[in-house]
Each structure stands twice: as C-alpha cells, then as structure tokens.
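Each of the two complexes below includes chain A, the first together with chain B, the second together with chain C.
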Partner chain A sequence: MLWVDKYRPTDLVSLDYHDDISQRLESLAKNPASLPHLFFYGPSGAGKRTRISAFLGALFGPSAHKLKLNQREFTTPTGRTVEIHMISSDYHIELSPGDAGTSDRFVIQDVLKDIASSKNIRSSTEIKVVVLHQVDRLSKQAQAALRRTMEKYAVTCRLILCCDSPSKLIAPLRSRCLGIRVAAPCEDEIAKILKTVASKEEFGLPNSVAIKLARESDRNLRKALLMLEAAKVQAAGNGAIPENQYLPSADWEVYIRQLATDITKEQSPQTLMAAREKLYELLVNCIPASTILKSLTGELLNNLDDSVKLEVIEWASFYEHRIAMGSKDIFHLEAFVAKFMAIYKKYLNDLFG
Partner chain B sequence: MWVEKFTPKSSSDLCVAPKKVKEIMSWIQGCKKKKQKLLILVGSPGVGKSTTIRLIAKELNLPIVSWNESYNPRGEQEGVDSRSLFSVEQTSALDSFNEFLQQSGAGFGSLQLMSSSPDNASNNSNSNSNSIILLEDLPNLHGKNAELRFRTYLSNHLQRSQLPTVLIFSDVSEGKHKPEDLERLIDPNDLYDNDRTTIMQINPVTKPKMKKILSTIAKREKYYFDSNFLEEIHHQSHGDIRHAVMTLQLHATGRSKSDCATTTTLHKGQNNRDTKLSAFHSLGKILYAKRASINGVDSRLTFDPEAILERSDLGVDGSLRFLEFHSPDFFTDITELSNAYGHFSDAAFLLGHDTVSGSRSNDNGSAFKYASSIAGRAVANTNIHPAPNKFRQFSRPKVFDVIRNGKQNQILVDQLSRRLSKCHCPLSNFVTESLPFVRQIVPQDVDPFLDNLYSVAMQRHKEKMKVIPENDDDLGLKEQQALLDIDDIAEFDSADDLSV
Partner chain C sequence: MSSSDGTPWVERYRPQTLDDVSHQTEVVATLKNAVETGRLPHLLLYGPPGSGKTSVALALCKDLWHPSQWRRRVLELNASDERGISVVREKIKQFASLSVGTADDTKKYPNPPFKVIILDEADTVTKDAQAALRRIIEAHSRITRFILVCNYVTRIIEPLASRCAKFRFMALPPATMKERVTAIAEAEGRKNNVIMEESQIDAVLAVSGGDMRRAVTSLQSVQALLAGQSEDNSKNNIIDEAAINELAGLPPDHVIDTLYESLLSNRFNTMQSAVQNVIADGYSVQTLLQKLLDKFIVTDDLDELGRAKLAIRIAEAEDRMNDGADEYLQLMTVCGLALKCLYTASKKMKQ
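For the complex of A and B:
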C-alpha cells in the first residue's frame, strides 16, 4: 500500500491542516437534517477527497468507510450504453459522471433518481449522499440537469460536488451549494507531514530534504508523499535519507524540460520534426495536451528574455484555448512549438543583426 | 443492356491485346505439363479479365467451375436448412468457399456445381479432369483471422488441386496493383513461386481499340457518334470498356435513331466516372504547390486546392493530418512553417468545431468548407522558400498510432490506478502526479507498456548520479568499468582473468 493511502486521515480530528474547515465540517455533520449541498474545490493534492471521506465518516459513522467498487451500465435514450465505475457504501455513492462523455446527463439523472427513490433505512439520518467528482468535466446540459434534479430530490438526497476550479461550474449550481475551498497546504505544513510519515515509517528525514521535497512538490501533498516514498526507495537500506539525496522528479517533466532545451537550441523544420516525436511520446503516455502546453511554456519562459515573454505567453494561451475547444490536440501543440521557434528565431536575428 | 448484348463472342473479338490472350491461352494449355497451378489476372475493373477467361475456356472446350457468394454445397437444401438461416453469414461464406475448393480441387465436384460453361450438360461426363477453377468474387475478408484462414485454404487447395486455378484481382489503383494486397490474400510462398504461379497484368483498353469497338456497336445499333465524342468517352472511362459501353448506351437512349448530325459533347462533371485521386497524388500536389509562371513570375496555382481535397480519398480530416505530418520536409524557413502550422491549427479547429456541434453527418457545412480551403492553401501561401525537390518518403502519419496507443495506455493506466489506490483520483492527475513516482516505488507493478518515458528520465537520472561523486576513486572505478566493457566485447575468457 502506498504511503499516500496508508497515512490518509480517516476522521475529521486527525486532519493535519485547515483546522477551521475541519471544525465547520464537524458542526455540519452534527445536524444532518439541515445539511446543505456541498461543493469542495481547490487545487489538486490539497486534500479535498480526504476531507469528503472524513466528513462522510463523521456523518454516518465508521461504516461509511466500508466501500465497495461496482460497475453500472446506463442506456441512453439513443440506445448507447455507457459503463460507469462507482464507489459506494451503504449510505453514499461516489462517481465521476464526466467519464460518460456526452451522455453524462443521463447518468446523473439515472443515479439520482435511483438513489432518491429509496430511503436510507440503516441510518437515523434518513438522507443519502451522492458524491460527484470532477464536476468541471460535466457538459453544460448535464450541469443544467443537475440543477433541476438537485431541487427535486433535496428531501432525501444531498450532493457533494468536487472539482479543481469552480469557474467551470455554472453559477446556478454554485449558488445552490455551500462552497468549501480547500487551499493547497503551505510548504511548512507539507514538510511537517513528511516528517511525521518518516517517523511513523521509522527512518530519518533531514529537515533540509523535507523542505526541499515540499518546495519541489508545488504544494501538492499527494505528490510530496509519493516523492518521499520514491526517494526512500532510491536511497535503499533502512537508514535515513541522506542530505544530498537526489530527489526524484516526474519523468514527463524531465522529458518536457529536454524538449524545451531542444527547441531553444535550434529552430528549423528538422528540429520541429524531432520535437514532434517527443510530443507524440508524451501523448502516448496519456499526458493531457493542456498539461504539456502549460509546463512546456513554463520551461521555455525560464530562459527567455522579457521582451519576448509576453508574445510567447499570448500564443500559449491562444493554443491552450484551442486545445480546450477542439479535439485535435496535436495540431495545436505543434503549431505552438512552431510559433515559438519562429518568435525565438526572430528575436535572435534581431539581437545579433 | 448493350454490355451484355455485345459481349465478345470469340477471343478475337476481345479488347484485350491479342498477345495477352495468346499468353493466357498457352498458360492454360501448358499448365498441366508444367505443373503450374495458379494464374492471377490483375487489372482495373472492366477491362475484360473475366470475359477473356470465359471465352478462352469456351474455345478450348474446358468447363469453368466458379465460386460466388451464394454458392451452397448443400444445393437445394438452401432456405430449408435451419443452420443457414441462423448461422453467421460471413464465416459461412468462408466455410463454403473452403468446401468449394476442396470439392472442385479433387476433381469430382462439378456434378453438383453450377458450371458457367453453357455446354455444361454435354461436357459433364468428361469435364472432371480438365476444368478450370475461376475465383472471381472472393468471400468477404474482414480482419486478420479471416485473411489467415483464406490464405491457408487457398494454399492447401494449391497443394492438392489437380486443376488450374485462375484468380481475378481487380483491386488496383491507377492501373497498378499493390503487392501487399495480393500478399494478404495469398501466401507469399505460393505467390512468388514462379514455377507454379503466374501473375499477368491486363492493361486498360487502348484508345483506338475502344473507339473501334464503340463505333461497331453504334453502327450495329444504327446510331452515329462522331470521333471526338468517342475519344471523350475513352478519356473518361480510363480504359474501362464496360463503363464506356454503358455511357454510350446512356447517350444513345436519349436520341432517336439516325439522328446523327448533332455533335454531342459530354458535359463535364455530369456523367464523369468518379475519379478519386490517390492520397499520394493529391497531397503531393498540395505540398509541392506548383505555380504557373508567366514571364518568369510565378502567379497562379496550377491546381484548385479545394477540388483536390474534395476528390482525395482521404477526406479533409485525413488529408489535414497527412499534410501536417509531411509539410516540414517542404519548408526551409521556420517562420513560414510556423505560419503554415498556424493555418493547420485553424483548419483543425474548424473541423473539430463541426463535430462538437453535432453536425458531423453534414459534410457540406460552411465551417467544413472553410477548413478545407485553409488546409489546401496553407502550404501554397506560406512556403515562400520551398525546399529543393528531392525524393521524399510518403508514409502514414504517426498521429493515428499515437491516438490508438494513447487509448490503450489510458485503459492500462486506469486499471493500474484502480488496483493501486482505493481512492480513485482523476485519471489525468494520476498520470501526471502519481504515476511517475509509483513507477519508482513499485516498478514491478507498472506495466512495461508505459515505460518509454521512464527510461529516458532514468537515463538522465543516472547521468546526474554520475556527475555528483567526483572523487579520484570514482574516476578509477569508472575506468575499470570501461575496461570491463571492452573486455566483455572482446571475449568471455578474459573476464575470468579479471576476476582473479
């Protein structure tokens, strides 16, 4: 079992940071009848899901953590069938309806109708909870459908929505929920948690390494814990992680860094073709195109003169928008790389005449 | 139908070159002695391949045993047999094909078989030993499995059969067949065995020949067409005599007999045979973007990009991917290339937009047209300093592989993420945040399919690890290692010495 899962807090009391949120959730759980719909948002790796499951535990008791994974098939009116993985306990169901693609609307309606039609017999609270993950991936139609069903079944069923950014959720939905922002933990908090985990696993972790890990992790606790575990595996042996330990970094980030140096080194149609191979490789490994573009831009900006930064950022945002709108990622990625090469070459030519 | 009415009655009437006819005839006559088994006739549709074989067989007095889709070895039971009602059509076609080959190859099948030779009845008694097996329409071959079965059936048949087999293959583009297409059907061992297999190419009907035939037909039907018109027909039919005769009949039916004076011209685009440009052709045109030069100044494009994309057999979507994949080769200036890529991105965006709004079926949507315009003109407009002409390889864009492999990997990653952690986090987060480290923590659990990136990163990592310790000891260690490597290559014996 990975440390990320092993040391995940299961109740509200043992959460490490954001005490104010924990307290508020605690008081909400005490009075289930007046529980509003909840909407957790915040950056990835901040602990949204951990808080949701801890909250469910406080609401329904420890048996809410007895989860089972099941698959359900939905048939849309047009005859298509979609398969959705769901995690459920006796009291709640978790699913990410965005997996259904364009038929997410039917999935939401079906699940909610199903749940709401049966009352909760095992708990005194008489309500059921549906947790919807990644609601930012829902289509506009699905969100509108959610808005109607939310009110219809409000008596028996509460929704907990969860996603990274609230901006992709339509305003009527946001207004129907109690928004809870789970901010990313600060670096000190991460370092502290890393130290705790290290002491539980019984190995020494120098403060400098803990801080370095926290800094490298982009304030993403999940990433930080995984990095710690990977570093421990690399350090080998049972002793402490040495101070000069090479910290593991994500392979695809290394790869993108390489790509960035490649395309700043030489700008020609040939290098573009080489860069394209790298992009293909990244896409084959399921790295989302928008993530590629974002981190590539970040890497490129590091070694760039201020005079061209603005232009590069402008084009990056232009093509990221394109990626978000269309389905043909690779065209836009390559167009961006070509654009950057053109801009950079012009800059160099102007510089050296 | 004139096509049937004026079917050649003897081999001398054929529009296939007499030399070819003789060759085929001698092959059929000689195949018994030379142990030749298979003749493959290759040629575009409608040049008279089947007719040639049938006529030759008739003249040599050999019955033809031919297979077609509706062949049923159980004869009159058809329709009553419950199995044939419920069995899957495709596999049963292949099975019946096999059965057919076995029966006819053994030389006793023709009693039950429909023999296409008209004087079948009289020949039946002595036909068994010298009939020809004609494979004209092959069973549907979908997928690798079916192809494999077909190949084994056919090669078994060739091993066993006493009778010559003629395979007619009309799947050609621009008059040439692709060897790999034939290889898919026939085991290469059999295909390239010159003793047993002969491949003959039948060329499209030549212009004088076709004109002669068409005017003979016209005369017999008492119509008159002028020579230009017939030439036009030949041009449009691309040497397909069947199509040419049909066109002739179409134009004749509208007119009263002996109405001869009006000079008819074929309306362009009205009854053109649908000519599809091959991918190679159409994209080459767009990528090279030749311009007509007037007084040394390049001016207009020599082609119409929209028309080419429309006629290309790839469709705009596919063409765009091909263009995008191949265009860097044609550019010398990165700025120009970047402009072209900008245009491709625009086109892709417009195409993608169409699918989002759900009007996929309507290919004539306005956005679609803009997209094809942009895509077709991107290279021509931006490439001011084109790369010099040279041999370029034309291959399928890798994007398709990338998309397919990406999907497979996605499934693998999904399974992995479910297996590893109960709390199932979004897939994209798992890939970017968890997976790289999970690989290092529990490498045995991660599927080797996903290892490419990892190996690159690990190499980097090792380099870094090497750089950090810069003691003399380490350098010595490195030298030793290098020595070891050299010795490893030299011979294993020396390794023993080293260890001592």
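For the complex of A and C:
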C-alpha cells in the first residue's frame, strides 16, 4: 500500500490541518436532516476527498467506509451505452460523471432518480448522499440539468460536489450549495506531516529534506508523500534519508524542462521539429495537454527577461484556451512553441541589433 | 433537536400566492389584473437569478386554479427535463392541443378556460426547438398560454419573444430582502433553537447580491452550522461575517489586498508567486476577477487607458474560463497586464 493511502486520515478528528473546516463539518454531521448540498473545491492534493470520506464517516458511522466498486451501464435516448464505475457503500454513491463524455447528463439524471426514488431502510438517518467528483468536467448541459434536479430530490438525497476549479461550475449550482474551500496545506504543514509519516515508518528524515520536499511539491500533499516514498526507496536500506539525498522529479517534468531549454537555446525549424517529437512523446504518455502547456510556460518564464514575460504568458493563456476549445491538442502546443520562438527571436534581435 | 424535514428552505418559503411575492410590484399588479379578468397573454419573465421569476409563475397558477385542477392545467418543464426538438413536437404539442373542460367544484377560483405551460430556464432550449415552438404557440393560443422563464432574454429568438408580454424582474434591494430573510430566520430559528444576530443576517444579505435564493440557501447553511455548534458549547467558534463570506465562496478582502499589493511592485516574480499562492488557496478565480475589477475601477493608481485595457482583458479571461480554460493562466494574464498598466501609469504621474 502506498503511504498516501496508508496514512490517509479516516475521521474528522485525525485530519491534520484546516481545523476550522473539520469543526464545521462536524457540526453539519450532527444534524443530517438539515444538511445542505455541499461543494468542496480546492487545488489537487489539498485533501478534498479525504475530507469528504471523513465527513461521510462522521455522518453515517464506520460502515460508510465499507466500499464496493461496481459498474453500471446506461443507455442514452439515442441508443448509445456508456459504462460508469461507481464506488458505493450502504449509504452513498460516488462517481465521476465526467467519464461519460457527452452523455453525462443522462448518467446524472438516471443515478439521481434511482437513488432518490428509493428510501433507505437500513439506516436510521433517512438521507442518502451522492458524491460527484470532478464536476468541472461536466458539460454545461449536464450542469443546467442538475439545477432543478438538486432541488427536486433534496428531500431524500444530498449531493456533495467536488472539483479543482470552482469557476468551471455554473453560478446557479454554486449558489445552491454550501461551499467548502479546501486550501492547499502550507509548506510547514506538509513538512510536519512528512515528519510524522517518517516516524511512523520508523526512519529518520532530516528537517532540511522535509522542507525541501515540501517546497518541491508545490503545496500538493499527495505529491509530497509520493516523492518522500520515492526518495526512501532510492536511499535504500532501512536507515535514515541522508541530508544530501537527491530528490527525483517526475520524468515528464524533467522532459518538459529540457524542452524549455532547447527552445530558448535555438529558434529554428529544426528545433521545432525536435520539439514536436518531444510533445508527442508527452502526449502519448497521457500527460494532459493543458498540464504540458502550463509547466512549459512555467519553465520558460524562469529563464526570461521581465520584458517578454507578459507576452509569453498572454499567448500561453490564448493557446490553452484553444486547447480547451479544440480537439487536436498537438496543433496548439506546437503553435505555442512556434509563437514563443518568434517572440524570443525578436527579443534577441532587438537586444543585439 | 431539529424537527425540520428535508425540504430546502427555498422551496418551503416560496411565495404561495401573488400577494406574497415581494418587491416585483409592477409585474404582480399586472398579473393580478389578469387573474381577475381571466385574460392572460403569453408571458416572458426574465431577470437575474433569485429574483422570483419561477415563484411568480407558480404563484400565478396557484391563484388561477384549485389544486385539484393543476395536473390537467399546468405543465412545468425545466432544463433537467429532456427538451430537444422532439419533446417540443411531442410532449408540448400534445399537451397544448388537448382541450379543457370547465370544472364547477371550484367556485373560489377564477378558473379560466385555458392551460398553462411553464418553460423554466427557457434560455437553454435549443434554437431549433424554439423555432418549432413559434407555430405551436400561435396555433393553440386559444386554449394554452405559455410562460417562458429565463435569465437572458437575448437567448430567446426574436419571433418567440415578440409573441409574449415581457416582464423584467429586478434584483431585490437589501431592505426588501431583509424583512423576508429575518422572518424566515426567526421561524426556522424557533424550531432549531438558534438565535441569529442581526449582523449575521446583514452579512448573509451582503453576500447574496440581490439573489433571494442565494440568501435563503446561505441562511440555511449558517443555521445548520449554528445548530450543530449549540449542542456542544465547548468549541463554539463564532460564525461571523468573514465565515459567512467564506461559506458563500467569496475571497476575504485581505487576499485581494495582498494580490493588489504585488501588482504594484512592478516585479513579475513577486506577482507570479502571489498568483500561485491565491490559486493554491483555492479561491474561485471568477470571483477574484470580479473583486479585482471593482478595485481597478476605483483606484487612482491607473489611468483611463489602463482601466479600459484591464476591463477588456478581464472580460476576455472570464469568457475563456467559461469555455473551460485554465484558471491559473488566465489570472496570470490579467495580473501581468495589470502589472504593466500600473507601472506605466505611475511613471506618467511622476512626470
């Protein structure tokens, strides 16, 4: 079992940070009948899911953690079938309806109607909970469909929505929920948690390494823990992690860093061709295009003069929008690389005449 | 302990008759007249969310017919129902073309001889389906009235809009809302043993921005929290204005101030790390942009040109985020431009 899962807190009391949120959730859990719909948002690795499952535990007791995975088929009115994986306990169902692509609204309708129309005989508290993950991936239609559904079935069934970027959820839905913002833990909190994990695993973790890991993780606790585990494996043996332990970054990050160096070094059709290969390699390995663009921009900004940074970031946001709108990612990524080369070349020419 | 059942308060305190509807006096007066005479045009109700459009439509129906008649007289369709062109052709057309008898057991009600179809969230009906509606509205206007309810009247095709009497709903002013919200707070508070202070109600109203539904939903959330806490006084943390803002998803002022501060620095890296922090804290970029815009408009640090440029860029960023673009990059673009504009303006001022 990965440490990320092994040391995941399972009840509200043992959550490590954001005590105010934990307290709020606790007081909500005491009174299930008046529970509003909830909307958890915050960056990834901040602990949204952990809080949701801890909250469900507080609401329904330990049996809410007895999960089973099942698969369900939905047939859309147009005759297409979609398969969706769902995680359920006796009291709740979790699913990410975004997986259904364009048929997402039928999935939502079906699941909600199913759940809301049957009453739970096993539980004393009458409400049931549907957790929808990654609601930012839902189509606008599906979100509009949720508006009324949420109100109609509110008597028997509460929704918990969860996503990274709240801006992608339409305002009418946001205003129907109690928003719970889960901020990413700060570096000190991450370092502290890393130390606790290390002591539970019984190996030494120097302060400097813990702080370095926390800083490298971009305030993402999941990433920090995975990096810690990787570092431990590399350090080998069962002793402490040495002070000067090299902390590996993910392969794709190294790759993007290299790409950034390449295109700042030379701007020519040849490098563009080489860049294309790199981009394809990244895409083939299932790195989402917008993530590629974001980290590439991040790397580029590091080596640039302030005067061109604005232009680069403007174009980055322009092409990222195109990626979201279009369907062929490689075009937009390459266009960005070419655009960057043009901007940078011009800057160099102006500088040296 | 609470005795409340699960109905959301928004539903429980929906106005039951036209008289109960607050603030929209003009609309209500016209419609009441229509109820008395039994003559009703097709209606198009539009306005911002939470201003009472759906409530008025439902209250109107409640005033017109005895509850037993509803099933036969009223068809309510909204965006969660299937509403492609096929539904318009089949469901709506079928309902619209059925003729109605007169019920005589309901003397108290005006009981006019027609039916009503309420199309809620009509701006999400596809263009094709709207076009199909045109003919249906006309052909069956003798026995069926349509009430279209929507937020954006511009998304209703012109031929359809011109067939209806249009009513614009205004966002509710805080004073009107306060009366209502206080009443709800007291009624519910008595059940749950929760006493809300006036400052808390004011804070709820402030975050709602004239949206009654949002106000009532926030009120319910706040009371749910207070009810949970009152049972266990040991860790009673107070729900103050800041907490209510937080529940509504609004960023607190100091976050905006810190971000703005970084924009004045004219250093890209300072701005970048400030933006990264805001994103990591999980604030909604849309509301951040809104607050930033408010700040840009009133500040003396900018010249007119800079203000205009920033307003355009913010609009663009909002549009792109609606399309599903990344929040971080969009916020960076806006802040990058702000950095530049603030710098040029400050240079000009020194001269």
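Throughout what follows, the second predicted complex is superposed on the first by the 353 of 353 C-alpha atoms of A that agree within 3 Å, B and C clash if a C-alpha of one lies under 4 Å from a C-alpha of the other, contacts with A are read in each partner's own complex, and residues count from 1 in each chain.
We take it that contacts are C-beta pairs under 8 Å (C-beta built on N, C-alpha and C of every residue); 3 or more make two chains touch, one makes a residue touch a chain.
It should be emphasised that the depicted structure is a prediction, and the values quoted were computed from it without experimental measurement.
Partners chain B and chain C fit side by side in the overlay (superposition on chain A). When both complexes are overlaid on chain A, the residue A:147 reaches chain C alone and has no touch with chain B.
Once the two complexes are overlaid on the shared chain, A:156 sits against chain C while remaining clear of chain B. When both complexes are overlaid on chain A, the residue A:172 reaches chain C alone and has no touch with chain B. When the two complexes are overlaid on their common chain A, residue A:332 makes contact with chain B while staying clear of chain C. Put simply, if you stand at the Cα centre of chain A and look at the Cα centres of chain B and chain C, the angle between them is 100 degrees to the nearest 10. For the overlaid pair of complexes, the smallest distance between C-alpha atoms of chain B and those of chain C rounds to 11 Å.
For the contact definition in use here, the residues of chain A common to its chain B contact set and its chain C contact set are 325. Note for the complex: chain A touches chain B at residues 2, 4-5, 8, 44-45, 49-50, 53, 67, 69, 85, 87, 96, 133-134, 220, 222-223, 226-227, 229-230, 233-234, 244, 246, 248-255, 258, 267-270, 272-273, 276, 280-288, 291, 319, 322, 325-328, 330-332, 334-335, 338-339, 341-342, 345-346. Against chain A, in their complex, chain C makes its touches with residues 2, 4-8, 10-11, 49-50, 78-80, 82, 120-121, 124, 192, 211, 213-214, 217, 220-221, 223-225, 227-229, 231-232, 235, 237, 246-249, 267-268, 272, 276, 279-286, 317, 320-321, 323-330, 332-333, 336-337, 339-340.
Within the complex formed with chain C, the residues of chain A that make contact are 20, 23-24, 26-31, 33-36, 39, 41-43, 46, 77, 109, 126-127, 136, 141, 144-149, 151-152, 154-156, 165-168, 171-172, 174-179, 181-184, 218-219, 290, 293-294, 297, 301, 306, 309-310, 313-314, 316-317, 320-321, 324-325. Chain B meets chain A in the complex at residues 320, 324, 328-329, 331-332, 334-335, 337-342, 344-345, 348-349, 351-353, 355-356, 387, 398-399, 402-403, 405-406, 409-410, 413, 418, 420-429, 431-434, 436-442, 450, 452-454, 456-458, 460-461, 464-465, 468.
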